[in-house]
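Presented sequentially are two complexes of subunit A, the first with subunit B as partner and the second with subunit C.
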Partner chain A sequence: MIRAVLILGVGATLLYLWDGAERGHGSRGGTALGLTFGGGALAIMLFCAALSLKRRVPHWRIGRAQAWLRGHVWFGLLSVLLVGLHSAFLAGGALTFTLWLLLLTVTISGLLGVLLQQFIPRLLLHAVPGETLAQQLDRQLTNLRKLAEQIVTEATGTVEPTGVGHTTTMVRELAAAAYAPPAAGEVNPPAPTPVAPEALRRFHHDYLVPFFRGTSAAPLLSRRRSDSLFAALRTMTSPEQHPFIDELATLCERRRQLLRQRRLMRILFAWLIVHVPLSWGLLALSILHAVSALRYGGDA
Partner chain B sequence: MGKSMPLATFSEGQLMTPGELRQIDIFSDVDEKALLKYPGAVRKRKFAAGDVICREGEGGTSAFYIVSGSARVFIGRRLDAGRQRRRKGLIARVGEMFGQRRLDRVSHAPGKLVPIDATVDLKYGDLAATLTPGDVFGEMSCLNLAPRSATVVAESQCEMIEVLRNVYEVLQRSKTFKALMDQKYRERALDNHLRNVPVFESLDPVALAELKTACELISVEAGAVIFNEGDPPDAMYIIRVGQVRVSKHFPGGERQLAYLTRGDHFGETGLLRNAPRNATCTAVDHPIAEAGGRKRRPARVELVRLSSETFERVIRGYPDVIRRLEEAAEKRVLSQVRAALTILPSVPSKHVEDLGLLQGQNLMLIDLEKCTRCDQCAKACSEAHDDGISRLIREGPRYDRFLVPSSCRMCMDPVCMIGCPVGSIRRTEDLNIFIEDWCVGCGVCAKQCPYNSIQLHPLEAFGEEATTEAKRVAETGEVVEVTERAVVCDQCSSLPTGPACVYACPHDAAVRVNARQFLHGAGLAGDDRSAL
Partner chain C sequence: MRDIWPLSERFDLPYIRRRHFPDTWTGRLSLVAVGAALAFVGYTVFSGDDRAFSSGTLTRAHAMFADDCQQCHQPDEAQAGFWLPPRDSACLRCHVATLHDPHQSLFRGEPMLVSNRTEPIEMSGDCSVCHVEHRGPDVRLTNVPDLLCIGCHKDLASRGRQFVPPPHAAPSGTTGGAP
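Presenting the complex of A and B:
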């Protein structure tokens, strides 16, 4: 397919140059060759648009989806060249200028999509081992929150802290342990006296709730901070509670992964927000341009 | 996964003393001491017209013997009639004009026998029959804990004897009971079973009667080998009760080719070609019973045996039958050759074994480095089937950079086929697993599948309605209708393009492979890589 596109592209360029040399002032859209280039570009645009229709009937025996996508990309690129040859690479009037703008935006967004599709899947593979279906993301995030509450309730009897306020000494200690790097030679911070189960309840209230509610500045969003906070929490709780804390740490890691997945998937599909509507706009305006040019003999 | 199957309680009805039991014909020659050993294991039940005696799909532990009255046995759904297919849109209609079509889930020829756990079988397209005095139903539930295969509703005032396994086993040792059951079977089911063997379809009534008279009714213990690969052929068999595993040795190991159920036949290829047996056939127990934990006597598999002499004598005058047998044998041999091709010697890693990858003869893998998570594969699967249900769930374990989604792998040992109470799951000649539309949604196959590749969906998803009969009972509030049906990936075997999921993947990420060949070729089969 690439070879066919290259041959067509080189052939069209040579024809354009030959025609320009013959005429002395370069080829124009209104000439037979210019119209051929324009018609070719429009045909390719129609073919490219057909990809979205093909997706609606994936089982139809009209060629493999992979061949359609390759054709979409390579012939789509060829259409840019054909449009250039058709218009002699000039912006022209308002409509042709808009068409150029749309064509370039659609092409660049498409190429960006191709690029993103090359490396985001790899990122997802390695950065999100616990990847789930995109449709399941929200439900899974909600389930994680409920699970965290359940674990805290199981470990402490209730999720509500019994002390007043949440800027107590214990919480400040926790926060300090999480943010401050350990002193040179110090392996572990000095262990405060265990105050469980209140420590776990407060941890839930101050750290887990904002994290699971999606607060953007939640400290647990950072894996490093999360590890430090959980390490500090372990020092403040009795060993019987450590399995619960380990489970909570796992849930937090799972949530971070799912959030990472959501972020990456948004990036992966973001280009479509530009590419798809502008493609339809481009097609509609191209048809308008062709009709008006053929009917009235000029730019609309 | 399949729904739970609570076992019905055995507490209703009137307890019977050994003396009372001896008054009933089937107990007439049963040793009274044997009955005294199990007090409370037999009850007399009375049902009024319209009473539901058992419901398809639910668990059961007892068998029923009809003393008086009659009962209607049925699979409570309309199958091919009246199905509301998914509405076709404009694009689909235009496509059909150009030969583009969806997969039709119903591929079975009407007229096929639907095996149930009773002395009668049902006909596809009718799915109802009447049980009369002397009939027994629920034998497989009683002996093998198989789910109830059909709903039974009293048609008139009925008196029945409900029996638990221990007493039923005592009964099976009684000559009177065995003679009665054999007689019933010959009267009510054998004819259908013989006609169900495609090659006997065209036999005239005289020849069929000769076959019926000459065949023996035998039983073997679950686990026993009926014949071994390489044995000389001496008979062909039809399954009366239970299941039979067909396996074969290949250079790479033993392969389970199929699990056969009531009404299925085997062993005719050897007879026809006068060649040694080309596979081993073993009687198997029901998986639920095997998993039961408590030590119990293995169940018995009952067979109809047609000796080679009878077989030859009867079919000699029917060249058409011989031709059909030849064709069937040829297909079977080709299927075995295909199965042999899928085996390559390799030393699988622990992780590969844990994931069961090497079971997959047509394993679906998604290369996660190429997959853009566009879900076109699942959409294509849904679009390709006329019920609109996707057989593919793009979730599952990972191996190296591959995702192994929940989709049928065409396992070398299709354990999902063991224990279907209505024989609706079968393996086609091209090794696909196929679930017929008389599935009762009991979920045994889904539970048996180790890879979650069989899903249960509500019947509404298929656009189905219950039969009038089932509805009538439902209005009394006593029938719980079959609400689900199992679906499994059929590999889009009737689509010329192959599996729609692979055809629709725009990034060449989805592939269907023979796991052994693929992993071996990719150098992954022997590695002990852990999941990413």
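Presenting the complex of A and C:
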């Protein structure tokens, strides 16, 4: 496909140079060759738009998706050359200038998309080992929240803390104490005293709930802080509760991964917000340009 | 790690029927983009301002027609009124363009009355083939590339014609004499 596009591109450029030399004026959009270039570019734009339609109807079995995507990229690039040859690389009037702006924006955003598609999936492979379908992310995040509640209920009987007071401060102090460097002359710092299952319920209320609800400043969003807080929680709970706490720590890590995937997916697809709408605008204006150019005598 | 049970609750099964990011955005913005294009068409059609469709700036000599396309682009009687090609008659309203040569076979136009003449004179036609407009304000339409002349005037000797050099300067782009 790349070879075919290269041959077409070189052939079109040679024809353009030959036609320009023959005419003396240089080639123009209204000549037979210029109209061929313009028609070719419009046909390629229609083909590129067909990819969007094909994605909406995935059961259409017309060629492989990879071939469609390659054709979209390579023939899309060829269309820029054909438009350049059609217009003799001149901006022209307001409509043709707008068309140039749209074409360049669509092309640059498309190339950015190609670059991101090369880079981000590889990053996802390493950064998110438990990657899921992008469309399932919300459901999986909800599942994790339900699982966390289920685990806390199993471990403590209820998720609601029974006591009152600022256990958040207590947990933080305990975490700080657990990881504080030993004082001079002290070999082993004293272990914090384990407290009742209330600590797990408090931890759920103070840390897990904001984290699973998506609060932006939740401390468990940071892996380092999460490790520190779970280590402190272990020191405050009985060994029978540690398997539950390990499960909770795993859930938190899984949620962090899925959040990372969502961020990367947004970057991966954000360029489409520019590329797709402007492509449809470009196509609509190109058809309008074709009609108006033919209307005014094919000398556009 | 344990998982949600039952299995049917684990996944969002009808997800394929719903629109997700970025389709939720691209769909709406595409409608806006196409709507903007159609609004542009509507504006130009209803306002009668066709300047946006110009393929480039006119020469200084024709700059006064820049906002009045139909001075040059006039309906073709032979076709529907929608088509507005540049008409020779529009050029001949201001310019006298008699035949270049009585024997020429190309670019022959319709006879027309010229001031101070009683008989219609045959005019040259298809002016815009050689004199291409919309190429910028500084382009001189009279500067026709020699290559266009060579298209008809090459190899005159073999056609039994004798070239008589014009009394004025050599054609542009040549060092002297005839092409």
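By definition in this document, the second predicted complex is superposed on the first by the 254 of 300 C-alpha atoms of A that agree within 3 Å, B and C clash if a C-alpha of one lies under 4 Å from a C-alpha of the other, contacts with A are read in each partner's own complex, and residues count from 1 in each chain.
In the analysis below, a contact is a pair of C-beta atoms (placed from the backbone, for glycine too) under 8 Å apart; a residue touches a chain by one contact, two chains touch by 3 or more.
Please read all numbers here as calculations on a predicted model, not as lab measurements.
Of the two partner chains, subunit C is the only one that A:W280 touches; subunit B does not reach it. With both structures placed on the common chain, the touch criterion links A:L272 to subunit C but leaves subunit B unconnected. When the two complexes are overlaid on their common chain A, residue A:Y296 makes contact with subunit C while staying clear of subunit B. Of the two partner chains, both subunit B and subunit C are touched by A:A134. For subunit A, the partner touching the most residues, choosing from subunit B and subunit C, is C.
When the shared chain is aligned, subunit B comes close enough to touch A:P121, but subunit C does not. In the superposed model, A:L221 makes contact with neither subunit B nor subunit C. Using the contact criterion defined above for the overlaid structures, shared-chain residue A:L90 touches subunit C, although it does not reach subunit B. Once chain A of one complex is fitted onto chain A of the other, the partner contacts of A:L8 are absent, as it touches neither subunit B nor subunit C. Residues 133-134, 265 of subunit A contact both subunit B in one complex and subunit C in the other. By the touch rule above, subunit B contacts subunit A in their complex via residues 91-92, 95, 99-100, 102, 368-373, 375-376, 379-380, 383-384, 393-395, 398, 401, 492, 495-497, 500, 503-508, 531-532.
Against subunit A, in their complex, subunit C makes its touches with residues 1-4, 9-12, 15-16, 18, 20-22, 25-26, 29-30, 32-34, 36-38, 40-41, 51-57, 69, 73, 82-86, 128, 132-135, 144-148.
Subunit A meets subunit B in the complex at residues 53, 55-62, 64-66, 68-69, 117, 120-122, 124-126, 129, 132-134, 265, 268.
Residues 21-25, 28-29, 90-96, 133-136, 138-139, 143, 146-147, 151, 247, 250-251, 254, 265-266, 269-270, 272-273, 276-278, 280-281, 284-285, 288-289, 292-300 of subunit A touch subunit C in their complex.
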